[in-house]
Amino acid sequence: MLFWADMTMLDAARVHALLASRREGFSLAQPFYIDESFHALDLDAVFLNDWLFALNACEIPQPGDYQTLQVGGTSVVVLRNPHGEIKAFFNTCRHRGSRLCMEPQGHVHRLVCPYHQWVYDLDGALLHARQMPPDFERIGYGLAPVQVEVICGMVYICLADPSDSHPNTPDLSRFRQAVTPYIAPHQPERTKVACSMTIVENANWKLVIENNRECYHCSGNHPELLATLVEFALPDDAHGSQDFRQLMDDKARQWDSLSLPHLPADGGNEFRCIRLPFHRGAVSFTADGSPACTKLLGELTEPDLGSVRMFRVPNNWNHFLSDHIMHFRILPLSANQTELRTTWLVHEDAVEGVDYDVETLTSVWRATNDQDARLAANNHLGVASKAYVPGPYAPSEFMLRNFTNWYADKLAAYVEHASSKPRTIALQVSNG
Amino acid sequence: MLFWADMTMLDAARVHALLASRREGFSLAQPFYIDESFHALDLDAVFLNDWLFALNACEIPQPGDYQTLQVGGTSVVVLRNPHGEIKAFFNTCRHRGSRLCMEPQGHVHRLVCPYHQWVYDLDGALLHARQMPPDFERIGYGLAPVQVEVICGMVYICLADPSDSHPNTPDLSRFRQAVTPYIAPHQPERTKVACSMTIVENANWKLVIENNRECYHCSGNHPELLATLVEFALPDDAHGSQDFRQLMDDKARQWDSLSLPHLPADGGNEFRCIRLPFHRGAVSFTADGSPACTKLLGELTEPDLGSVRMFRVPNNWNHFLSDHIMHFRILPLSANQTELRTTWLVHEDAVEGVDYDVETLTSVWRATNDQDARLAANNHLGVASKAYVPGPYAPSEFMLRNFTNWYADKLAAYVEHASSKPRTIALQVSNG
Amino acid sequence: MLFWADMTMLDAARVHALLASRREGFSLAQPFYIDESFHALDLDAVFLNDWLFALNACEIPQPGDYQTLQVGGTSVVVLRNPHGEIKAFFNTCRHRGSRLCMEPQGHVHRLVCPYHQWVYDLDGALLHARQMPPDFERIGYGLAPVQVEVICGMVYICLADPSDSHPNTPDLSRFRQAVTPYIAPHQPERTKVACSMTIVENANWKLVIENNRECYHCSGNHPELLATLVEFALPDDAHGSQDFRQLMDDKARQWDSLSLPHLPADGGNEFRCIRLPFHRGAVSFTADGSPACTKLLGELTEPDLGSVRMFRVPNNWNHFLSDHIMHFRILPLSANQTELRTTWLVHEDAVEGVDYDVETLTSVWRATNDQDARLAANNHLGVASKAYVPGPYAPSEFMLRNFTNWYADKLAAYVEHASSKPRTIALQVSNG
């Protein structure tokens, strides 16, 4: 009989048991947050098996521009090919596995492995492998592709093998269709990066998401943010004051007149999209609510558009304002560390020092990110206690209920599927 | 058949086998010292299942004063409530598990979670949870209590669930009864902290204890300490000289005349308490044996009282002198790291710079702690060798025999008990 | 059914399956490079079960001189005894397991444990153990010996228990016989250390070896090295130019006239020994090919001898030139870290500042080591990718084929042997 080993051994029965004992509307059981074996499962079931936000296409504007990102142990290179298309590949040479691109970003004509100079074109084909024998068939040694979808300039990637997709690998079309009308007027594809910043939070990625999915914690922790942000997530929030409801009515009429959608999109547990106002008098996420960039996005002329808040599991939330866009991207580093990258984008023709100032543009969310990082780290430390038991979400934390329901379904489907097929290793042997 | 996995897999059979093959009077088998799985077992079987020294009550003198400490992944807050009683709680909010107190020490009127401001009183009751629905029953969401016992001001805590105590969870009453007569005259409850210092030793906690439980290593390593400390642990030590025996006789007569107990208490393997003299002419743990504090403790008037040496498994040893008290507390951080906190206490009315000087008070044991840390780390590195086999304790290491016997019994009882009940996870499911 | 646990659980069946599915001439499957469980297996099957290069005997010239090295968790002390013989012992006291020698190198008359001063002579016998009881039998508590072989001053050690040798524990005699004629003229035993340097590469030890076993990567990465080094590993390399063949012919004639062997020795997969020329005009590994030391080794008078390149699995490669010798020694620290120690030796009578200059002597290989460390680390990162699959070795990487064949055979034999005997733990119990 095993017992302490339970903490590190993971089998389908244990995952099913923990999911079966889950109480909806409560935070998850401890192992999901702190156990490295569950983290390995999260990588397989979620991060290697779903669409991840990678970057904005404007970050790699020219053919040959690339960026790399790291999903667990796996490095991916996202680039623009000579036809201007966004492509993504596993950043691993087919010779002996060296990483091809060693830098976070750069510009190349070909992908040349730094180790033995195997050369790939920007569509992944192996062009040249010096010293290989005459019978070497280059055709079989192209780079392994990563699936790409671009929605209004936002690049999503999926590392799952298309030929082995799990039954719950999502189709992005519903998401694309639902969010495009909200986002398109802000024209993310015609922006440029004003600032990009990466921090590491000492917390499980799900605690980082849970922290992001509620503003119940805002009043006690985010003074800078609450100078402009309305802390309610729905137009008809029961806690909203008479003033709030009046504000919502006023803004709804204005946005309707501009043909800008604002009511919550029906994203189920997968995504969320809604336009919500700032406090009366504020138009942007600045310390005093004044505009962060005098050049508005796309063809917009009205500065007071609130913000489109768009979230998609498992790793991306965004704000689309009249004058700038923020993309937030998380990537898990371990059970207790999560990387958060925040990107502030302005109109592609805006001029720094003239139209905008980086300090003014970024100060509120830099402070907010730091506050959230502290809260999430503290949450993680507390969850590791012997005394931790899942606790109840408040009504204003309804999006955490959505998130944990999605997560539980995702895991259950993955484990179900994995249990039904022969073990990977056995498969390798029989094919050997 | 598994084999390398043996190093990380732990089951009842393996623990029993290793304990069964143990040779009494020899150091433990390698895995007990270096294997992280065994460390996890130690946390469960020992540190979450026994009384731990936490602090002296004088460190939190006022209602609302608190300190936190970390036992494995579990944070505990020890505080003084409005009635002046010492209470302890798991430092984990019942909402989503955030730590409540983020600092090592502080002062509060209520325990307010920094995340969403749930408010607990200093007896652990949940007073307020804003935004929770009307049917939310606060009564079920009080802080999980930690058991507390105070002995002459020394605060011991036990993190075990009283309703699920293992058959070997100790009762403190025998300890309290035995040590009080030795300690009470020094009045630890009427002291104040002159200095507190925490270091991390790169060694398993059991090697730190073993290092502390013998003075066989003193002559080669502790010149500062041996200026005053008599290295024999028993009044009738066979290695003691004629001078030593004469010293013992003289001191025994003096202490008897002062009604101060000094003979070894019968603590079995659980604890030890004895009064032993300093070298003739020395009265305190200073470089030259002169007093460390001119204001004596409690009602004491005789400076030359030697020291009461009191130890209790698994994490605490102490010296009670005429002029100051030292508490030593260890807490394990991992299989190969142990935190040691040393606290020097003087009379509550002693004045720094007048009655005592911190440098003079602490220099001998600061040096000694550093020397012991080096020895323990070196011991740990050597034990990790392929060639390590348990070695024989010398007669002067009889307290290590006691300690390892206690440890083996503790583990055997825990594993026995754990094996006899259904697996935790199965239990959770059936109750789910 | 287990699945994620596969990543950390290791049994004979899994190892056999992975070895059975191995494709010869391709790099190894991912777990062999990145999984800590496989690393633990490598330590047992390879590093604790084969001959390892430790140092040159000239590094401990006097009786009582010692050096320590670390093989996994095991520290070894290599010393010269009073008879001038090289001996090695597990650096672990038989009392409670403390390391005896705490420094990387030093000089002692006896080995005295720093903890309780048990005293061993330089042949490992326990001379004195103070305070042990009269019936304590010192004879049973000598230091555990490590096997030693010295070949032309090069000290090889084997940590395997001679009484429990696996069927594939190698016999060094074939190696000794084969390489001595190549090495002896350079008289490594009559050298001294001019410089020694240790770096840590962030890569699995097998990737460090693979990096070393081919010069396919040289042209793209090692400009300093290629100023002098001929990048072909065989006299008849198919890629060699007419000039190269002419150079080989010229040098072969010269070396034959000096009775210096140069053709490849038949070392199978176990070792390699060959003499190869520098580029015409170069005689040493300096930036411009000029001599690094004006005093030639041993009785040599001809500076242009190319270099004897000698390699032995699993941890040692060397260059023997007319004017200096380089030993390279690797020791694995974890699945993803490897220590590389490089030692430059010159004639024992050479005078620094007169005959040689350390900067000139070492600059080329310091640069080369740093370049290789970067390549190996990048290779390791790429191999950790989900997309990594074993890739084909180029013809010029034939020595990697030899190495991986050797490794696979070594592992298979070890696992076979380990599977056939009762589990260690069971054995301990029945003997207990």
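In this document, chain identifiers A, B and C correspond to the written order of the chains, with residue numbering beginning at 1 in each.
In this text, a residue touches a chain if its C-beta (ideal position, glycine included) is under 8 Å from a C-beta of that chain, and two chains touch if they have at least 3 such contacts.
Not measured: the values here are computed from a predicted model.
S.K.: Nearest 5 degrees, what's the C-alpha rotation angle taking chain A to chain C?
M.R.: Superposing the C-alpha atoms of chain A on chain C needs a rotation of 120 degrees.
S.K.: Note whether the interface between chain B and chain C is symmetric in residue numbering, meaning over half of all numbers used appear on both sides, and answer same or different.
M.R.: Interface between chain B and chain C is built from largely different residues.
S.K.: Rounded to the nearest whole Å, what is the centre-to-centre distance of chain B and chain C, using the mean of the C-alpha atoms as each centre?
M.R.: Whole-Å distance between the two chain centres: 46.
S.K.: Counting only residues that touch at least two other chains, what does the list for chain A look like?
M.R.: Within chain A, the residues that touch at least two other chains are 8-9.
S.K.: Can you name the residues of chain B that touch chain A in the complex?
M.R.: These residues of chain B touch chain A: 8-12, 37, 40-41, 44, 48, 72-75, 90-100, 102, 114-117, 129, 131-133, 136, 141, 144, 159, 418-419, 423-426, 428-429, 431-432.
S.K.: Sort out for me which residues of chain A touch chain B in the complex.
M.R.: So the residues of chain A in touch with chain B come to 1-9, 14, 17-18, 20-23, 27, 29, 34, 210, 216-217, 219-221, 239, 375, 378-379, 381-389, 391-396.
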